[in-house]
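Each chain gets a letter, A, B, C and D, in the order it is written, and its residues are counted from 1.
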Amino acid sequence: MSSEMKTPETDPSKLPWLGRKLLWLDNTRNVGHIIYALLILCAGLVAADFMYHKHSYLDIEDIPGFYAAFGFLMCAALIVCARVLRVILKRDEDYYSPKDIASEAYPEEQLSRETIND
Amino acid sequence: MLSSLSAHMPVLQVIVLLIAAPLCALFGNRHLAWTIAFIAALAAFVISTFLLGSVLDGSVISYHLGGWAPPWGIEYRIDAANAFVLFIVSLIGVLVLPYARQSIEREFEASTHTYFYTCYLLCLTGLLGVAATGDAFNVFVFLEISSLATYALVAFGAKRDKRALTAAYNYLIMGTIGATFFVIGIGFLYMVTGTLNMADLAVRLAEVGDTRVTRVAFVFILVGMGLKLAMFPLHLWLPNAYSYAPSAITAFLAATATKVALYVLLRFTFTVFQFDFPVQELTFEYVVMPLALVAMFAASIAAVFQKDVKRLLAYSSVAQVGYMLLGVALLTEAGLTAGIIHLFNHAVTKGALFLAVGCFVYQIGSSRLGDLKGIGKTMPWTTAALTAGGLSLIGVPLTVGFISKWYLIQASLETGSLWIAGLIVASSLIAVVYVWRIVEVAYLEPAPEGRKAKEAPLSMILPTYALVAASLYFGINSELTSSAASQAAKALYSATDLAVPPMQLTPSDPPSEGAVQ
Amino acid sequence: MSPELAITLTILLPAAATLLLAVLDKRPNLREAVSLLTAGALFVIVLGLLQTVLDGAQPTAHWFDVLPGLSLAFEIEPLGMLFGVVAAGLWIVTALYSIGYMRGNNETNQTRFYICFAIAISAAMGIAFAANMFTLFIFYEVLTLSTYPLVAHKETDVARKGARTYLGILITTSIGFQLVAIVWTWVVAGTLDFEQGGILADKIDPTLLPFLLALYAFGIGKAALMPFHRWLPAAMVAPTPVSALLHAVAVVKAGVFTMLKVGVYIFGIDLLATTGAADWLMWVAAFSILAASIVAMTKDNLKARLAYSTISQLSYITLGMALATSLGVMGGAMHIAMHAMGKITLFMCAGAIYVATHKTEISDMDGLGRLMPFTYGAFFIGALSIIGLPPLGGAWSKWYLMLGAADAGQIIMMGVFMVSSLLNIAYLLPVVARGFFMGNTGPLAYSVGAAAVPSKGIQEAPLWCVVPPCLTAIGCLLLFFYAGDIYTLIEPVAFPEGTSQP
Amino acid sequence: MTDLFPPFLIFIAGALLLPLVPNGHPRALVAVIVPVISAYFIWMMPEGMHGQFTLVGQELTLLRVDKLSTIFGLVFSLAAFLALIYAWHVRDTIQQTMALLYAGAAIGAVFAGDLVSLFIFWEGTAIASVFLIWARRTEGAYWTGMRYLIVQVGSGVILLAGMVLQYNETGSMAFEAMTLGGPATWAIFIAFGVKCAFPLLHNWMPDAYPAATVTGTVILSAFTTKLAVYALARGFAGTEILIYIGATMAIFPVFYAVIENDLRRVLTYSLNQQLGFMVVGIGVGTELALNGTVAHAFASILYQALLFMSIGAVLFRTGTARASELGGLYKTMPLTMIFCLIGAASISSFPLFSGFVSKSLILSGSVHEGHYIVWGVLLFASAGAFIHSGIKVPFFAFFAQDSGMRPKEAPWNMLLAMGITAFLCIAIGVYPDPIYALLPYEVVYVPYTTTHVVTQLQLLFFSALAFTVLMRAGIYPTELKSVNLDFDWTYRKLGPALIKGVRSLISSVWGALIGAGLRGVNFGIAALERAHGADGLLARAWPTGSMVLWIAVLLGATLLLNYM
């Protein structure tokens, strides 16, 4: 999300039609809008919990916003755990080298690297 | 005519040669001498074949020399055992002659060739006589005849290598000592029994029983014959004698002399001393058997390190004698059969081998391994013969060597001694090493530059191949040899030759008291 | 043709052909024609015999007695028939291949080569059809000696040394152990005839049985049971058709075939099962299977790797026998055919690679598969069959071997077969994988969107080096579908009347 | 040999025909047509046992047609069809052939009516698929392929062992529902488990899938594991231990997926996780749960393929699939991005996408049977799946920080394949009835209830919220070039190290022994030569006196013996 690195400018006219349409995502402010939209949607969904009769098998499901809380907390926990795990599990890319795909490039002749500038 | 001749077969076996021998020298022409010798030897072979044929069923032929009945007169007593030996000796005798004719051309002067044939025939006479006779002292006499002739024959090799003289001299000393010991033994026996006829001796010795004199007599005979048959460690004369003698003689001696000596030992051990004689068992168990085993290994290993093929084969002979003695020392009928069959098989094999080596000597003047590189391509037939003989030494199936090994292993397993069987095969494996040294050099090494060698002449190749063929034939079909050997073993081991009344070939004489028990 | 004459012919025909081969020394085309014709004729005769045996007969032939009571005699029972068909059938292929290889490589002494080859086949036939252990032993030794010149063919120092090891071990074991074992058997049993159910029951103290079996098992050096396996890699100095003959057709198969014969007809499966005399052998064989595979993985020389693979695979058969169950015998017998077909393919491919490129080390072979697609394809199929994967013949023999192990209650032995399969992959398939996918030689069939244009084209070995392995590769495939016929053939041996049949 | 034409033969025939067809569009066309024909045959096959014949004494049933096998057969054909369109540009004969053989073997296995034929096809999938990895033609791919193959064939031989034991016990080779008991069933169970990537047996998958070629991974992702799911459903439905195995499978790959950098590996972990859901369904074993498993397998093949296709397209155009190197591609590859998002939505079970209508069957199935904790775990896993596959994969590939790469849109064939797949994902999500109709049991389930939609949306949006918040807060782990240790460390590092140690130990001991032995032998030979050689004691020419001495010694000794 941070944009310390200067992204190379590309002539928008060379982009495909759909790509041009999506260019507004480049704008940081628009990203902010998306996040606000997300927040509003979340609030709406919790509110919705009060507006219908929940079909539930478990008592715990009846707690309003249970799924919301469950989702948020679990994901937060997951990410935090993963971060801790990575400290333990992370190794250099050439850890298994030289006989490992992680440390080698994909063979060029099997690719078709074409850029829009071509 | 024929019938009267056939009646005198046992003595003719010896006499023909004895008469022919001086004739060779008398006529002084080497071609004529050869012809006489060959005819005589051929006659001897025919006679021996006839004799073998008549006794294979287990019967015994007793011939009274000059019509004097034993035990007073000299008896020629032919049973399966000595008929078999006669057959081998005369077979080799006749086969070596054509070979010798060519072979000696390059080994010594033509002028001495007549003497060579004379000595050869005398030697053959002696060997056949030893085997044929049933009289102990007669054995000694013939032994001396053959030995003296042998010394001379070995000395003939001096033209090629002066060391033949020393070898002959040593052989003379040793042989004489051996003969002397033997005659001392006989003297002791005569002392206690008053008889020299072997059959009679057996009967009387049984009456005399186990005394110190008989014991000493036994030991002297054993050691005396041990010398002649190259029992380890009394074999020391053999390598030199075999190495330096003329090729034909080496082959002849290797195939016959030691075999006949072994026969004498067997005859005395199993026929004369056959009574309940604990010393005999003791001696075989604690002296002969260990020495035989040591021979099998020590001599085989010595063969491995030899650089001269003749000498290599000579050591191999010492080892092979070890096999025969081992079979005998098992003191069972199976063991004895094994020993006797090996006696025949080895004679054929070693004869073939020495003849083949003789071909090399004839063509390239050397039998050193280093000189035989790549010879398989220039002298393919000779080398093939050598290889075939070598395979037989190893004991590869379809050769006689295999038959011997089979019987020996079987005999040792029947006595329940797996370890002896193990030692037998272990020693055969050493044979693989020394045989394969020759094969590799002959076939797989590149031939040296500039050696001009071609295949040996037919007259040498043919006798060689006759023996090779024999060693293959009797390896594929051992009917004859195995039945002869087991018959011989029976004849020696069980007392049948005394229990069965001998066939009287001299019609005038009734069976003597001594001969019939 | 009477069966007796047919049997005699199977042995004498190749032997007689040697004379003709010798005469035709200077006329290679005729000589090779004789070689091929003999092979073809032999195969026809053997097929005729096969028909007789499938009809339930056991044709016999008696030549003569070598020793009183011990004769050179022949009797065709199913196991021998199987071995006979395999040997005779693959001889044709090898003969074809030899022509391509020997000429493609400009080898010297070709006549000697063909002569020894014919003698070896003659001996193999003798082994296959032997009616008693004595006859078998005789031909066993003939086989050893006749293959010696083949191993020493190149007459270099290495060849001499290899041949020395070859002969040394085979002769040492056969005379040192096997001969003693045979005489021992003869002494206690009074016969050496192969009889269903064995000849040793009640004849020998059961505590001695393991020792006797040990003498046999190690005495049959051709079965390459560790530690008497060194001859096999040593023999790799020989030209490749020889390796094919040694490792697939004649020599090693003669070894394991003898092993089976001893187990089935001398000891008898029941005797082994009840006394447990073969238990130790099972472990030794299992060790051989795994150890040889591991050694194979470390070998970079293709032929050496295949040699160790053979050592491992041979012990499958020994293990099958040592399991002392009917199914184990069935698996072992089947593996004779399956392994023969697979391994001969591999060796012929190795030879074809050598003829085409003169490369022997696997690490030098990267990318060759794209130059030699047929050779490598055949190699792949052969390898899969050795590994034991369907739909190739090797799968069935492994199936029965594992069933045998299960039947014997030997879960560990099942594990051995399983691990061995995986090890097989680890040492056989790298050749294929690297051949097809690694390295930069050969056509690049990738270039996206464009038609694949081979940059160097296909550079296969001469035709007669390539066709035979392809034929045997197809054979591997066919064996999967016709394994039932082998089963039917072996059935009377593995499941004699009275034993339950699955 | 059979009264019906087995569909796998179509694939084999196609594979044999393929090399003969000119490489290029004709060949690609042939390859694409094959699965269509196969699907037609499968569709037309009547239920029952067909293709029975005897091979080497074994009664084989090549075709067991029932609803369970038919739906797998159909989805496999479909997957092959899509993957082959995706691979239209590939000109590598081996890859083309093997892709067909692989699909054929998988379809053959699904219809196999007995263990023997199952085993045959089981090994077939292993062998054919490895070529798709090797075809990458790099050293790493070669080694990965070897590992993959050994594991896959290992699964086969374990299956073989199980069959053998089974046969030995029961005399039957039938492939029917089994109960875990003796070693036989356990072996079969583990064999299935290896291919299904049970926890600790799973490493082959994250090892191999990212290593395959662009197209290879798409093909690989469809068959092997789903075949295992089929086999488990057939053989071990209702085996309780599967519930816990499945639950574990659904959770732990999540963590790896979150921290993994290689997006194809992220997807592999997520695939593994999806299998966990299916395994739980099998473990629960009720009609509802099994329906869920089958439906989820169907849906997951499609969306997983779609995800792999889109990342594959990125890889194809940029040469990398590393999150740390990608970003901002939405500008130039918008269609690929959209397809990826559709796949992501499907795997995250957004309403109207395929995952929603299939996964919920399993969840309901487990909660119906009272497995509440498992239910909770699966719920967590769903949220996790959304994080790593629903958000992380598209986000880091197409959005995030602009990598500066401006690749062209994926080629037409890839877009076509992705388009069809995406369409199917949505179609199933919107209108699941046709799929429900294909399921093995009668479906009485309505996925679209208010409760379900709202709760699911809550779960997903709040997960997204958590992602956003933690991302903004900088807690979300950044994408770094790295590899993460997994259980395969045991056999890629620990095992070799141990073996190396043991080997050096053994070889030094062995070397010492051999050295000593050789010295001994040499010494022995030297000693022998000293004694027996030309001048040795035993072979030299002795003077006469010494010879006589020996005679005396022997005579004396023998006499002595005789007098004792």
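To be clear about the criterion, a residue touches a chain if its C-beta (ideal position, glycine included) is under 8 Å from a C-beta of that chain, and two chains touch if they have at least 3 such contacts.
Computed from a predicted model, the values in this text were never measured in an experiment.
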Selected interface, B-D versus C-D, where C-beta contact pairs are more numerous: C-D
Most centrally placed chain, judged by C-alpha centres: C
Inter-chain centre distance, subunit C versus subunit D - centres from mean C-alpha coordinates, in Å: 36
Where subunit B and subunit D are represented by their mean Cα positions, the distance between them in whole Å: 79
Whole-Å separation of chain centres (CA-atom averages), subunit A against subunit D: 27
Chain centre separation (subunit A, subunit B; CA means) in Å: 103
Residue numbers of subunit A (touch at least two other chains): 110-112
Multi-chain contact sites of subunit B, meaning residues that touch two or more partners: none
Touching two or more other chains - residues of subunit D: 89, 136-137, 139, 141-142
Residues on subunit B engaged by subunit C in the complex (per definition of touch): 391, 394-398, 403, 405-406, 409-410, 413-414, 418, 421-422, 425-426, 428-429, 432, 436, 440, 443-444, 446, 475-479, 482-483
Interfacial residue positions of subunit D with respect to subunit A in the complex: 89, 136-144, 210-211, 213-214, 254-255, 258-259, 262, 315-320, 328, 330-335, 338, 367-368, 372, 375, 379-380, 383-384, 386-387, 399-402, 404-409, 411, 449-452, 454-472, 475-477, 480-486, 492-493
List of subunit D residues in touch with subunit B within their complex: 528-529, 531-534, 536, 538-539, 541-542, 544, 546-548, 550-551, 554-555, 557-559, 561-563
Subunit C-facing residues of subunit D, complex: 22-24, 54-57, 89-94, 119-120, 123-124, 127, 130-131, 134-137, 139, 141-142, 145-146, 149-150, 153-154, 156-158, 160-161, 164-165, 167-168, 171, 183
Touching residues (chain side subunit A, partner subunit D) in the complex: 1-3, 5, 7-8, 10, 14-16, 18-19, 21-23, 25-26, 35, 38-39, 41-42, 45-46, 48-49, 52-58, 61, 65-76, 78-83, 85-86, 88-93, 95-96, 98-108, 110-118
